[in-house]
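Both complexes below contain subunit A, partnered by subunit B and then by subunit C.
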Partner chain A sequence: MGLREYIVRRILQLVFTLWAFVTLLFVLFRMVPGDPTTRFVMEYPTPEAREQRVEELGLNEPLYVQYVEYLGQLLRGEFGDSTHYREPVSELIFPLFLNTVVLMFTALIIAYTFGVLFGAAMGWLRGSRFERGGIVATLVARSSPEFWIGVILVWIFVFQLGVLPRSGIGAHGGELTMNVVDRYVNVDFLRHLILPALTGAIYYMATPALLMRNTMLEVLKADFIEIKKAEGLPERTVLYKHAARNSVLPLVTVVAIATGAAMGGSVIIETVFNWPGIGREMVASVTRNDYPVAMAAFFLMGTAVIVMNFVADLAYLYLDPRVKYE
Partner chain B sequence: MRSNSRRSFLRSVGAAGAIGTAALAGCVGIDGDEDEDLGEPFPEIQFVFQTSGASPDRNELGHLIADNFEEVGFEVDRQERDFDPLVQQTVVEQDFDVSLLGWGGTPERIDPHIFLMDMHHSDYTDEGGRNTPGYENPEYDELAEAQAREVDEDARRDLVFEAQEMLSEDQPRCYIANEGGDQPYNAERLDSVNPTLGEGLNGFWNFMELEPADGVDEVYFGYGADIISLNPMQDMATPDRQFIRLLYDQLYRFGEDGEPIPWLAVDEPEISDDGTAFTVEIREGHTFHDGEDVTVDDVEFSFDLFAEHSPTYQAYLDGIEEMETSGNEITFHLEEPDATFLSNALAQIYVFPEHIWSEVDDPSEEGDDEYIGSGPFEFEDWEREVELQLGRFDDHFQPPNVDRLIRIPGDADTLIDQIEAHEIDMFGNEPTPTQADRIADDPDLGLATFQDVGHLKLSYNMRRDHMDDVHLRRAMSYCVPKETFVEDIRGGMGTVTHSPISEAVENWHNPDVRQYNDDLEAAEEELEAGGYEWGSDGRLYYAE
Partner chain C sequence: MTLLTIDGLQMYYRSEAGYVRAADDITLELERGQTLGLVGESGSGKTTIARSIIRLLPDNAEVVDGSIDFDGTDITELTDRELRNQIRWQEVSMIPQNAMNGFDPVYTVGQQIVQVIRHHEDGVSKADAKDRAKTLFDELGIDPDRVDDYPHQFSGGMAQRAMIALALCLEPRLILADEPTTALDVVIQDRILDTIKEMQAEYDSAMILITHDISVVSETSDRIAVCYGGRIVEQADAATIIKNPRHPYTLGLRNAFPDIGDSDEELISIPGTPPELVDPGEGCRFAPRCPFAEEECWDVTPEPEEYDDGHIVECHRADEADELRSLAEKRETWMDTDEATPTPAQGGDD
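And then the complex of A and B:
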């Protein structure tokens, strides 16, 4: 089987997975009791006012009609209107999605850069006090809930040192702009970014660190490392150029999936730091029965995971000649 | 408490007895045949209340009530729900025996009409209607209708008092507490705040009258939820209305005591002798934020707009037969006399600029992105989940003291932290007792105390045969630890109530209704009076 055929087949699988995913989401959300007007029941002066609303939202149509309509919409690349906010879903979630991407990428870059280097060092220095201390530290970080890490950081940097802002993405009362440069490239934004990004980084760092250490231990047993050492190369070169490079492979999958999942944001970090992101919105839209927003948010996140998985598979083909497309 | 500990004792003996019986099976005949002369056991109570995630206070109260129910011999199915599913199940599907839910207190509810009429009149018992218990009492209906027609205040008060007495005797609901409480603010940046009845720092008169300290021109107001929409042609929650009314004016505004006072109107409405025509004269020279004059044509246009499109206000405008304008006056001709027209319509419908909204094709789908009104604040900018920015409308006839008002939505605990970090100035929700203690310890922060108009209550589903017994409902109401809820769970915030009309509404609150305090002995007496009996296991049975 050729490369092209393999890719085509994988894409077909991908489309099927997405369809199954969307259908499952559709059914799941409709199974939740209530509908988007439930929240306002006590605001409507009469039950008729509410029924009229349900009709306007098209929710009195049979479920299969709504389903076909939704699929059609999705194929046209539309997410419809939020039933809660009554505005287009895309306009609503775009800024939130962007905020999440900025936060999560910063956290992941810090986590994976330091995690990989740290893990490599732990593997290399096997049996040392550094390794033992390192493992304890990573396990503590891994098992601390995100909100707890966040609260500790807030206590230190906001309430004790008073050097960083508590929450939000900018100083209150400032200009509200959708221009990406004006929005994200300024000192005020960076100051607001530090604590939530650090919280995420600490939490996510353990996975690459431990994984890197484990594969390092495998690789270090390999003959070519002995040979490289015998060649008289400096230790640092053997560690980072040869051993670490060969240990990175399993991380590719992990990075890909983590990136995909990160698109869904972190509800906890976003809540603790009042970060206007997609994760919080996703949870809120589910509790409000705002089907279009919930569907869109889950769809984006799910798609990102599915696509990134695909990318990881392709990357394997390139990175590791032993992997065959079968 | 004597008798209920007896019952706990009996129940544990019953359990031990069962084990003993099993162990000694066949040896001694000690079967509990004393229960044989009892009737059917009382069915399990389906009690629906909020989860601890949705409301920790109410969840805790729910469990205490359920414990007491069990103590007097009920079997209880505790169904904990998030807010939406709870409303869906109890208010819409009416699938409950007992439910625990609150009613918010907004200025239009200071007048007793909505609590007496919508919540207890038999016209409102349909699915989704406000009379959740399904209370149908023709005598009560007459009272509720009579108070709505009565224009003489003293005579109306007599009727309102009588209605409260009847509700307390019949107990379609158990009125528990007006939650009220303390809301934090930064006393260093604000010289004074004005927490208002029912709404605290969210009140209109707070935003109008709060005094910033010297050098403070922006005030940051935090609230635990974002605005859903500033377009009243769409669904609205209370926080939405609290900001829409800053941007738009009404003919009359609710004053701090809940009485409508002339606002865009020059004076009280002139009411024709037969009570079917209301004539209102509006101010001259007032403009919208874009500089255009506010005219009676805008008023007429707005009443038409709301009548056609607003899900919340439509129903209040049904009775308008026609409107007539001349000069600065507009006359509303009603189909029949209506004493509530001033507070339900004239004091609630916002005046929208005709020159902008007449261009909008479908007002419930889209609106005016600049939110041009004629209110004391004008719209500046808004990003969802980030903040809403308003500025003072300098040309208003009653401008606020503050230059800019910034509304920040978010998680309540995070916003409390922001108050403590001095990053925001006011918070429109109540802190937990622990948070309130910390805030009280900070000399720069203050707590603004307010009383609530709304109330927390149990509803009894009277549509179900087993719930349609006044002795039973009274007994259940005696199981509600109202005092514990206010003093211990809420740290002293709020007041215990026995009537749907808050004691803070002094003019209408009847203090002499029958009271239901936490008293399990009284509950048992009521049950005995209702002809219920207890089995040897302590469980409640119908009498044979």
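And then the complex of A and C:
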């Protein structure tokens, strides 16, 4: 099977997975007790008023009609209107989603870059004081709750050193009228980004570091490492070009999953740093039974995971010549 | 002309229990272009001896005494960096047991050959280095276009040939072949050995062939050294070791391999296990397994003694070799070891 055929098949799979995911999402939310009106009794003083609202929202239609309507919406790239804000969900949610993506990608890039290098060094220096200390530090970082790391960082950089802003996203963060580049590429925004991104990075660094160390220990036993040393190549070449290059393979999958998890897991960091991201909005919308917003938030996160997995599979083709198109 | 002289080398491994004497008082010489067979069971120190030449040893290895002279340079005196740049692969390359695992799976074989050429030789372009790899492939009977293949696309025998290409790409003066054919089936084994011999002659490289299989070295080596318990117990030219060995261990080793001539004869193995190398104490290390051990063997470490020309043996009873040789061919001799030898306090293996 050729490369092109493989990719086409993989795309078809991707579409199917997305469809299954969307269906599951729809069913789950209809199974949640109550509807968007139940939380706000005050707004609907009479049962008639309430029913009228339910009808407005189309919630009295049979489920399959709602389902088809929902799929149609998604295909048009719409998420409907928020039942709470009574505004189009997409306008509401995209800037928030973008804020989260910028924050979490920064955190993950730092976490995986340093985690991989650090883990590789730990594996290479097996049994050294560096490795033992590294494992302890990594486990501490992994076991510390994100909010605690966040609070400690705030205490150091905001209250002790006074060099970074405490929270928020900067003066222009919330404005939708600005173009995306201007919004994110300015000193004020970057200063606001440092602490939350660092919090995420510290928390997420442990997984790649430990995984990398473990696979390194395996790879270092391989005969080819000996041969590369015997070839007289410098240690750094053997370490990074051969040992680490082979050890990084299992991490590709982990990156894909971690990216999705980070989108959802950002809610704590967003809360600590008052970051206007999608995580907080998602939690709020679920408690309000604001289906369109909640579903859109879940949809974006889930899609991120699915797409990242697809990217990971393609990355394997490039990274590991032994992978066959099957 | 002598290429390599190992003189009184003591390469020990530090361990919690003390030094593990993996290579003890090793003295060897290797002429240019010649092949030395290092024979012995696993744990006998043969690999340690070979690898100490390129210092490819675990971190806890330590040269306690002795020197390794490679064409006038004492390798034990070189810094790691000098060793990497001047000796490794440039002068001394290596063929591992399993070639398939000897290549990094994520790069093509060609890329790996190009990498090592360009690391050691300044100013060679990628294209030139690749052409050299192709030429080598051609000489070794592999389609030159296969330099662009990944290791997993090769068969076992092909991979071993590709490995030989890698080992030869800098025209080293010494090749360390560590059980280069053990992982292959018998028919291919022979062909690979022939190929190695041919290439070795063409490039005028010396070789140290490490194996547990005495029949492999008898065909390929000019000289054979037999290792036991971290020491070289006997060394001589190949014919002498095969026809006229003097050390009881060599006698036993010869018995343990089938002779194609009389194939219905059952093999005779040497009873017991290799000795503990932490603090082995005085006495011959083979004594606990030796059917001919006498009191002296348990108490005094035998000194190397030279018989004929270059036939060096570490055994108190080497003088009586002619009688022992006929005894060693008998099965009973080896079966009675346990009762026949007085078991002294130190016990040997238990």
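Simple rule for what comes next: the second predicted complex is superposed on the first by the 299 of 326 C-alpha atoms of A that agree within 3 Å, B and C clash if a C-alpha of one lies under 4 Å from a C-alpha of the other, contacts with A are read in each partner's own complex, and residues count from 1 in each chain.
Heads up, the rule we're going with is that a contact is a pair of C-beta atoms (placed from the backbone, for glycine too) under 8 Å apart; a residue touches a chain by one contact, two chains touch by 3 or more.
The model shown is predicted, which means the values in this text are computed figures rather than measured ones.
On the shared subunit subunit A, the superposed partners subunit B and subunit C are arranged side by side without overlap.
Between the C-alpha centres of subunit B and subunit C, as seen from that of subunit A in the superposed arrangement, lies an angle of 150 degrees, given as a multiple of 10.
When both complexes are overlaid on chain A, the residue A:Glu231 reaches subunit C alone and has no touch with subunit B. Of the two partner chains placed by the overlay, neither subunit B nor subunit C lies in contact with A:Ser144.
By the document's definition of touching, neither partner reaches A:Thr253: not subunit B, not subunit C. In the superposition on chain A, A:Thr287 makes contact with subunit B only, not with subunit C.
Of the two partner chains placed by superposition, only subunit C is touched by A:Asp320; subunit B is not. Once the two structures are superposed, subunit B and subunit C can be ranked by residues of subunit A touched, with B on top. Closest contact between subunit B and subunit C, by C-alpha atoms in the overlaid model: 48 Å.
The residues of subunit B lying in touch with subunit A in their complex are 82-85, 87-89, 91-92, 103, 118, 126-130, 218, 220, 228-229, 231, 234-238, 311-316, 364-365, 381-387, 389, 404, 406, 408, 410-411, 414-415, 417-418, 420-421, 423-424. For subunit A in complex with subunit B, the touching residues are 32-35, 37-47, 49-50, 52-53, 56, 84-86, 92, 95-96, 154, 158-159, 165-170, 172-173, 175-176, 271-274, 276, 280-281, 287-289.
Residues 54, 56, 83-85, 87-90, 93-94, 96-98, 101-106, 108, 115-116, 119-120, 150, 152, 166 of subunit C touch subunit A in their complex. Listed in rising order, the residues of subunit A touching subunit C in the complex are 222-224, 226-234, 237, 242, 245-246, 319-322.
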